[in-house]
Amino acid sequence: MNALISTALSGVVLMFVGLFVRNKQHIKFFAIAAILIAFIANLAQYPSVELGGYVMYGMIEVTKFGVIFNAVALGATLLYFLLSGSEFEKVGEHVGDYFALIFFILAGITLASSFSNLLMLFLAIEIMSIPQYILAGADKKSLKSNEASLKYFLMGSFSTGILLMGITLIYGAAGTFDLSGLGVGAGSVHPLALCGIILIVFALSFKVSAAPFHFWTPDVYDGSPTVFTSFMSTIVKAGAFVAFLRMFHTSFAGGSISQHWTLILSIITAVTLVIGNFSAVFQQSVKRMLAYSSIAQAGFMLFAVVAMNNLGGQGIVLYAAAYSIATIGVFAVLMKLKDYTFEGFNGLARKQPLLAAAVAVFMFSLAGIPVTAGFFAKYFVLSAAIQHGHLLWLVIIAILCAAISVYYYFRVIIAMYFKTGEPEVEPVSGGFKAALILTIALVLVLGLFPNLLLCWI
Amino acid sequence: MVLSVIALVSALGVVLSKNPVTSVLCLIVTFFTIAGHYIMLNAQFLAVVHIIVYAGAIMVLFLYVMMLMNLNAELEPQKRNWLKYAGAISGGALLVVLVAALRDASMPALSTQATEIGLIQNLGQLLFKQYVVPFEVSSILFLSAMVGAVVIGKKD
Amino acid sequence: MINLVWLVPFLPLLGFLVNGLGRRFLSKSLVGFVGSGAVLASFVISLLIFLEVKTPGFSAQVVTLFDFINVGSLHIPFAFQVDQLSALFLLVITGVGTLIHIYSTSYMHDESNESFARYFAYLNLFVFSMLILVLGANYVMMFIGWEGVGLCSYLLIGFWFKNTSYNNAAKKAFIMNRIGDLGFLIAIFFMIMQFGTVTFPDVFAKAAPLGMNNGILTAIAMLLFVGAMGKSAQIPLYTWLPDAMAGPTPVSALIHAATMVTAGIYMIARSNVIYTLAPHIQTVIAIIGLATALFAASIALKQNDIKKVLAYSTVSQLGYMFLALGVGAYGAAVFHVMTHAFFKALLFLGSGSVIHAMGGEQDIRKMGGLKKFMPTTAWTFLVGCLAIAGIPGFSGFFSKDEILAQAYANNPVLYVLGLIGALMTAFYMFRLYYITFSGKFRGTHDQEHHLHESPSAITIPLVILAVLSVIGGYVGLPEVFGTKNLLAEYLAPVFAPSAPFAVPHHLSHGTEWLLMGVSSALVIVFILFARQKFANYEDAGTESTGFAKVLENKWYIDELYDTIIVKPLYELGRFFRDTVEKAGIDRLVNGIGRGVQLGGQRIRLLQSGQVGFYIFAMVIGMIVLFVIGFLL
Amino acid sequence: MLTVLLILIPFIAGLIAFGLKGSGPKVLGIISSLATVVISIGTWCTFRTTPDSLNFVADWIPQLGSQFRVGLDGMAVMLCLLTAVGFLLIFITIYSRNYENPGSFYGLMLLAQAGLMGVFTAYDALLFYVFWELALIPVYFLCSMWGGEKRIAVTFKFFIYTFLGSLLMMVGIIYLYFQTPDHSFSWTTFSSLPLVPEQQKWLFWVFFIAFAIKMPVFPFHTWQPDTYEQSPTPVTMILSGLMVKMGLFGLIRWCLLLVPQGVGMWADVAIVLCIIGIIYASAIAMVQNDLKRLIAYSSIAHIGLMCAAIFADNEQSLQGALVQMFNHGINIIGLWIIVDAIQQRLGVKNMDQLGGIARKAPRMAIFFVIICLANIGLPLTNGFIGEFLMFSGLFQYNHWFMAFAGLGIILSAVYTLGMIQKVIFGESNDLTETTTDLQPGETLALSLIVMMILVLGVYPKPMLDLVSSTTEVFNKVF
Amino acid sequence: MPVQYYIFLSIALFCIGVMGVLMRRNAIIIFMCIELMLNAVNLLMVSFSKMWADAGRVDAGSAQLFVFFIMVVAAAEVAVGLAIITMVYRNTHSVDINILNRLKN
């Protein structure tokens, strides 16, 4: 709740800061300060929810899990501001507005982690989505950005329609929007409810870019200004996942109904893994590869949802943290380069050893190599699936795809370390380097001691 | 019943008409029929809001944009035919599937008796008591939409 | 003294180390001294041990140095066993070894300092291995020596490593030996499995109760014999031995005549209990031995390389020894090993002397009349020929006749065939002698100028060996002469355990006399025949035809092996490399990778860039998933 | 605590090495590996008196029931010793050589060592997995940065291949983890799991494939010749001498003991694969002209034998496989040192272009021959003991298996002698005329190796005693 | 009148909306079709509200509030959406979605 309020207020404040502060660099500091405040405010709520959730009008229920997830999201955003905050001004004039939009999205994410009413789910998703449509099109001169924005908007609204249809059908069956009252698990499954659940699965799959609802992802991530892609593909996506998880684990986890949607969702997971990983193999642009990688990673995160157990919950937090941090880091470096193709990375290790090392560590993390956070992230989702017991076929697909993923992640490493070239790199400030080192350290620390995060849940 | 038929026909009109302006007008007709349904379903408040928001504001906005861009039937981009049919067929298939899925649902009949829940008084009570949080939260949505309109719409 | 038995192999090892490590610094004479001295010292110790062993009532003693392999219940100590058999072999090995070392100091004198030292190091290493082989108190120890001598043989055959064909010969020797070794190894594993031990007395003690024709014993016997086939150059694993003549001649004398190749006989004699209990295998041994004897003798008839003749003769003589083993005459086999060591070493050293004098020429057609240039060599060679031909009074006569007599007792057919072999032996040996030493010289003028008698370091060993070739036979004088067979008596304790199972064959003295008489007479006839034919040999230079050509080409066995084993093997390797590996497995593995890439290329085309299509695909996906969710 | 030092010393030294320049990393490498050798000898001594004091446990991830639990049994002591000695030998050999960017080179080498040590000491499945991967990464970089022409593609294939295997293993580990009553990764809990045959049946393959790729066993071997060929030789030494032992070690520790019935069900299949591999690899080695590839294939054959022996599952075969792990490591490192020496001097590894080196470089020739002989298991060299016991054990398992595997003895002689002949014997040519003999560093390393070959070949008892504790564990199990 | 009637009516409207999205290339018309879909949902929601109110649920009004919020959101979306479409039109002078295919594969 604190997080919601503080982020929403920060958004408003940043709006005005953008109006009144001339120096764009300074806006960034306001944003960083605001995110810090939000981070602390959010954690301050932890003791009060440690024993039980904090409920507000049956609309919001702040749980331990929610607070920790918010902390992860806010912390990752902090890193994001530190690493990429100065890139905002390159996109356009309205730096303050961009920050404000990002804070609004964060407000949506905090809602997504704590809603307890379908209406709030709807609002959360919308609050997360609408600013994204705008951010995607923030670079107004660029046709690519325009295209991304329009595509995202059209498809996003379409999926909103589907989400609403689903909610309505569920309401028709259950008579309430309250998550705890949706108890449709008992007895025979009402066709309306089942239909509604499946439609919600589709809509949320769209938001987390799971196949076959992923089509917007590569284009939008590719077309959007890189600095916003970085944010959209990581923290926002994690937010969508947490909504997914919360929705299904609180309401539809038990009974015969779960069989239906787990089947559909596991098919979606498998298709997502395959499409995401296969498509990423052939990309030439690292940015686009990362877009596909985000689809592939979404496939892994879906495991947590499908598995429906505690490990899944822990896994999604860890995964969100690992994936977000690593991807934000990669994007931060990517933005320092002129050429986004793999060739653009050739020989980076010689010219900028720190950047190269950072990207290498992040790629390891994304590939799930031990000692990086990504390893435990993958570990958790896999073990969630294995604990579930009936998903071994999915696990097999997953490890095959994980092996494929090594292929495209390591292409970057190969380009940086084993090929020669003269990459064009923008000058890198000391602050950026420090932030990068901090990020690397975070990835490694989480990879060595995931309990530092897990012990809170 | 008549309303429903009009609704469906005009909805099809939206989809099928070649001229965008006709589409808009068809859509407005549809909205009115839906508002009619609202009244039949004792949702008077919603019916009013619906007319105001949709027919009054949103559709006008649409029309305005369309006029601004000076779109008309000739300029209207047309899909190749088979894509059209594919679209129609898959939409139809979706309909069939959904209907098949919901066919067996045994639902009660709606009484003709009027209920009071749709009155503005009751809804207002609900809105500002239980639903105060989403009400507040939706302000964030509006703020961001506002900011967005500024960011996107403003000429640099 | 027996406790010092470890010194016997240790001294040559020391010699090996000194010569091997100091090959840069030591002078030739010092190297020769170290090399020969070490073996000589071993010989002295062996002699002392022998004297101790010779006393009646001596029972085998085991000297354990340390635990070699100790796994669970399996204990294989690094131990030496001194008994009558090993003591006798010690004497032969160190004795002949010493002579050959001395001989080599002169023979190899032209080599560079370093390779001279290398040569002696190898030679010492060989003696060491051979001693380990015969001293080992268990089959694993024996195997250690067994492989060790194979290695040294490899190193020495390929001593002149610059020559590729020598290398090939060395390689062939080693590999063929390895084939046999595999059999040996499997036999050891059988023992470990069956008896849980590989120590000789324990194995024999546990084998005896199994009784005759026990399957496992038969298998062990057969497999051990496979090992022996390889090492002792029996059909089908004999082809390496003639090729092994690529090595320096003293090596041929020591390794490929006197000692190493007799290891197989030693092994079977040592395992006499097992063999006696496996009569079928004995029959196999006898047949193979005899076949080898005849086959090799037939090849030797038409060979023109002085060393090749001797090599085939060696193969043939080894065949005789196996014949003896096959008919259960272990003592006779050992006896023949001993006498053969003397006269064959003599013959090889003599041929070495000739080759030395001829400046490396080995083709007897280019020799002739050498008697007048190198008389000592000639008459010692003659003694050797007489001994091998089995002229009464020479050592070969006694040992070979004992074998033939035993064969007769077993089966007269064996005797007849054996006799034919003996006659061929007499014929080809004297063919060799006459072509080489009598007639007139057929070499170049240059060679004629250089012809000279060899130095004393060469001739003295020749003389000693000649003497031994004559008197060596008298230790095993058969009982028909009214004396006791000293050797048989000496060896009796070794063969005692198998005695209860052996089928006794007794020949009346009359028959024995008759057999001796027949063979002696026929041998002399054949020698005269050879003399008449070759005493004044002229090289006609004509190609031989028909059967002679087959013999000259050694029955085309090498070609046969090449066609049916070697080439297919390499073809197989090539097939694996090019087809299975590259086109099969590797392509499959890479194909998966390529499949992923290709799949990626296709799948990414789904991303057509058109929103209409995207939504269309989404709707299709929804419909499909709906159908799955509802209808399935 | 000694155990932890085994991991920590190379790890810290590796991190430091990244920052050093010039000859600093070399010296550091030598010092660190010397220290590791000393400590691993120390662990040996400790093991003989108070083996329990080698165990070390610290909290790691309590939520998962995973601990930083390291310890050593006989096998592990031996393998740590091998790792320590192996790295020392490698560092001695390459001391006179200058690699581009030495800090990274030595740093990565030392990190690989730390990873290997970790693999051998881990008594916690998760920790094991982490080290397992960790050992791979530095090697990947080493190969890709300092390797031959086709290094990138080849190492990439290698990496993905082994990574896939490890993932499979991770699935197995996680599955087992959920079977444990107290949800723990501890080795003791794992090894006391009552698994029904149904589970063991497939768990076996999960683990076996992971290890088989690492070893490698036919038909999972295709990465290996390419990688050995393309890697810089010091790395090839690590790969073939030490890293393949990870697979064998894993097989013994994490396969044989966890799924004994699974092993029982599939041992025949696995052994047949191994034996096919032996003959197959030997046959290919026979027709190889490339020196490095030849040794690579010979290594496949040797590993196949060890793997088969492990599956034969009796005291002799296991003990044989264990000592052979050490001996093979030493020997093959020796072989690579010489191959490297030749390649450094002449720049070729095609055997048709070589020959006559013995005359020009007698010391090299002698070492080469001795090591080759040890490699084909000649008695009184270290190679013999292991092979003898392995064959013996395999024979007791199944006569025919042994007989076919035994063909490897013959074939190994064929290709090894062929290699000796082509490389060092024969006439020298224009190229090999220029050969110079070994440098002091190489001589020292090879002397050490030859000493170990002979000492262990004549007196293998200490090594056998050391590993017997591991095989005793098996006696209890079966 | 049974609720099924409304269900099928709404679904029909919804699917017509979907069809429209699939069949048209004009971004504005597509957007309108999406609005049509939302309205179908609204209609259904209201009829369910009535249904539950008949069943005696006191909180059946929340469904109508939900509809209210949907309208609110739709309005916001329209604002943003039309802004985006205008922006695209400014750059490309077209509202044809198919000419937007720079981003693909």
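Should a chain be cited, it is by its letter among A, B, C, D and E, assigned in written order, with residues numbered from 1 in that chain.
To be clear about the criterion, contacts are C-beta pairs under 8 Å (C-beta built on N, C-alpha and C of every residue); 3 or more make two chains touch, one makes a residue touch a chain.
Computed from a predicted structure; not experimentally measured.
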item	value
Central chain of the complex, centres being mean CA coordinates	D
Relative to subunit B, chain with the most remote C-alpha centre	C
Comparison of A-B and A-E by number of C-beta pairs in contact, larger one	A-E
Far-end chain from subunit E, centres as C-alpha averages	C
Approximate Å spacing (C-alpha centroids) for the pair subunit B, subunit C	102
Chain centre separation in whole Å, for subunit E relative to subunit B (CA means)	5
Inter-centroid spacing, subunit D versus subunit C (mean Cα positions, whole Å)	37
Between subunit E and subunit C, distance of the C-alpha-averaged centres to the nearest whole Å	96
Multi-chain contact residues (two or more partners), subunit E	3, 7, 14, 17-18, 21-22, 25, 31, 51, 55, 59-60, 62, 65, 69, 73, 76-77, 80, 84-85, 87, 97-98, 100-104
Shared interface positions of subunit B, touching two or more other chains	79, 83, 86-87, 90-91, 94, 98, 101-102, 105, 107, 130-131, 134, 138, 141, 144-145, 148, 152
Numbers and ranges of subunit C residues touching at least 2 other chains	593, 604, 607, 609, 611-612, 615-616, 619-620, 622, 626, 630
Each pair of chains that touches, named by its two labels	A-B, A-C, A-D, A-E, B-C, B-E, C-D, C-E
Contacting residues of subunit E [partner subunit A, same complex]	3, 7, 14, 17, 21, 27, 30-31, 34, 37-38, 40-41, 44-45, 48, 51-52, 55, 57, 59-60, 62-63, 65-66, 69-70, 73, 76-77, 80-81, 84-85, 87-88, 91-92, 97, 100-104
Subunit D partner contacts - residues on subunit A that touch it in the complex	314, 364, 369-371, 375, 379, 382-383, 386-387, 395-396, 399-400, 402-403, 406-407, 410, 414, 417-419, 449-451, 454-455
Of all residues in subunit B, those that touch subunit E in their complex	4, 7-8, 11-12, 14-15, 20, 23-24, 27, 30-31, 34, 37-38, 41-43, 45-46, 49-50, 53-54, 57-58, 61-62, 65-66, 68-69, 71, 76-79, 83-84, 86-88, 90-92, 94-95, 98-99, 102, 105, 107-113, 115, 117-118, 122-123, 126-127, 130-131, 134, 138, 141-142, 144-146, 148-149, 152-153
Complex interface listing, subunit A residues touching subunit E	118-119, 122-123, 126, 130, 133-134, 137, 140-141, 143-144, 146-151, 153-154, 157-158, 160-161, 164-165, 167-169, 171-172, 175-177, 192, 218-220, 222-223
Touching residues on subunit C, where the partner in the complex is subunit B	612, 616, 619-620, 622-623, 626-627, 630
